[in-house]
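Below you'll find a set of structures to go through.
Both complexes below contain chain A, partnered by chain B and then by chain C.
So, the complex of A and B:
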């Protein structure tokens, strides 16, 4: 799906936990996330801490979108 | 009486010449030419190449309709039991010609056919239509390719049952054949693991589909003016899953308006995904689709706007073909809506 969005001409960042799959399907901008059932959260944290974590991940994703890449790139958090 | 075979080869294998002779028009010769010898030898008199069609690769590519009509006429007049083409290895135009002429003979004359080529040869695009044996990528592989093709061809001529692609050596053509393995799955898996650990070759029983690549688009210049859209394969949908997106092998995607939605609540949204524990996503759907923080950032002016619609499906056993068509469709909607960038989340 990321590839079809990219093909249409829109930059896209893939936020996912299993980054090797993201590499295989051909995402160009990849941000690794927390866990499969809660990629952008962590139920073990307090609600405030969890939202801060989510914010950090999304900020990283936006950074990836504003970064020129030539090849598939994983933006570690 | 032996089976009659007509063989198709290009100018190179007929020893006419290389690229400089690729323009030659088709000609019909008696008996074998070039690689035909290997086939006749392998058949040991049970089948025999009676005629060989030779055609320049460029000629076929540039005059496909004429070449096809001429060759079909010759084959029709000969009334062979079988039509064989190649092998073409990794020669692109040759592979294309072999596959195309085989398809024509099979469809228009009802004569069984077989060709052979390297799996990445563009002619192999027709592998679901024309039976083709997978070969090496250069003519150095002739010694292996010809006997493999000859064996399968003879089976086809005799009308014998054809086994699975892994047994017969043809490229998988989308037709499933059931057969009993000699060893149980656990033993085969351990064998593979042991081979892998020892750095020895092994063959997976579940090859991953091949994926193409798309070059990255230029980066977003100014986030504060950009419209960002959210998409997910994590199955986030309005509570009750109004469009009945399947929990696995999804047949469609959903498009939902989030204009004015500050955050996704457990009362309003849930996941339809059947491939992961839904407790956390149902408790707080922002854990999969981060609407809450993007709203904050929109308010703070960090991003121009969170797009009014999000696109979602369930990426659980959903075929690559379906996923591709969903995203190809909604990408156009995103484009028309002036979206500058997309965040796709996956579970």
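So, the complex of A and C:
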């Protein structure tokens, strides 16, 4: 899906836990997430901490989306 | 470490007040098995009742949903007991003598958590895809206690323990029986092995354990393997139940406890040990859901392969999807240490077999054995008798809405069949 959307000329950020698979399939902008059962959250945290975590991840993704890349790039959080 | 297995052939199971093995028939009292299972407090707390049945090869019987399959064994000489850290006290197993009730298994079945998986057909086309259709199965169907809905994991634990206890009780019946056949297995210490087999390549088995949680767990000496670092086992430890299964979802490529006890990779490496290779040890490593864990565990696999000065390693996967990355990380890192690898996996290549088989890949993973394509569609005929329930056939992995047809037949992917595409290579879909 990432590749097809990019083929249409729209940049994509792939937020995922297993970044090696994302690299293998050819995503260009990758943001690593928390865990496979809960990529964008963490049930071990309090609701306040989790909200902050989610915001951080989304902001990092938006930053990645507006960053020029030459090659496949992982945007560490 | 040396272990002798004494095989007691079981060709039939009969319910009886007296528990004994006579002329290859197991006579067993289900009430006594039940009483032994209920000696455990967790079983007492979460299992309302058990019912028992026997399923024999060739019968028109379907067992579903299957939780675990366990071969009864008993330790007759040497330290420890079967299933150490779970049923027996923690003690290093894998030496001395163990009796095996061969040709039979304990199968635990019944509703576990929401939906639950696994089909064993004792006859028809489905029987060809599961090794357990060839065994005499002592089937234990568990019924949850009231209020289990809020304690599903406790209930899953209770049924897991109940199955192991049933197998332990039955194994004990074979304690004083003279085995029909015995076989010895021995691996050596590092230095000893190099001195004895100076010219043979040093090979280990990198055994990946499913540890994703939520019914995808494996236990080693009673420890939840997702909380472990990659480590070493003597191969014979697995024959005494050092590793037990806590997973049954996508039943085709999950290792039951029976698979762990009868691991075909261990068996094949022992057959070649001292002849074409020096079987050094097993390296067990997990498949967790955090990337950092995947990186750490595969780093350790590669590090241990190097420390052991291996020439080659066989890597077997358990499950599919993100564990494909654990598989590829292990393989790539081990190869980069100069150790040759062969991997055993299975495929999710779509119903037509035309899609990419694994979610991850690397040019260094260039020697692959496949257990088959789990997406292949199969039609299973109606059976005269169902042990368990057909309630979940439409919602299990590999099933779909309408899988269970009005005439009682089932259309589903091979995924639904317990052990169909086993990644230890236990089955015969492709290479064996």
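By definition in this document, the second predicted complex is superposed on the first by the 77 of 77 C-alpha atoms of A that agree within 3 Å, B and C clash if a C-alpha of one lies under 4 Å from a C-alpha of the other, contacts with A are read in each partner's own complex, and residues count from 1 in each chain.
Following the convention adopted for this analysis, a contact is a pair of C-beta atoms (placed from the backbone, for glycine too) under 8 Å apart; a residue touches a chain by one contact, two chains touch by 3 or more.
Since we're looking at a predicted model, the values are computed, not measured.
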{"item": "Contacts of A:40 with chain B and chain C, given as first, second, both or neither", "value": "first"}
{"item": "Dominant contact partner of chain A by residue count, chain C or chain B", "value": "B"}
{"item": "Which superposed partner A:32 touches (first chain B, second chain C, both, neither)", "value": "second"}
{"item": "First, second, both or neither for A:6, with chain B first and chain C second", "value": "first"}
{"item": "First, second, both or neither for A:24, with chain B first and chain C second", "value": "both"}
{"item": "Partner chain(s) touched by A:15 [first = chain B, second = chain C, both, neither]", "value": "first"}
{"item": "Residues of chain A at both interfaces, chain B in one complex, chain C in the other", "value": "17-18, 21, 24, 36-37"}
{"item": "Chain A residues within the chain B interface of the complex", "value": "1-18, 21-22, 24-29, 33, 36-41, 43, 50-51, 54-55, 57-59, 61-62, 65-71"}
{"item": "Complex contact set, residues of chain A against chain C", "value": "17-21, 24, 32, 34-37"}
{"item": "Chain C - residues contacting chain A, complex", "value": "212-214, 289-291, 294, 322, 324-325, 328-329, 359-362"}
{"item": "Chain A partner contacts - residues on chain B that touch it in the complex", "value": "208, 211-221, 223, 228, 231, 233-234, 276-281, 283-284, 286-290, 292-294, 296-297, 302-303, 313, 315, 323-324, 326-328, 331-332, 334-335, 339-347"}
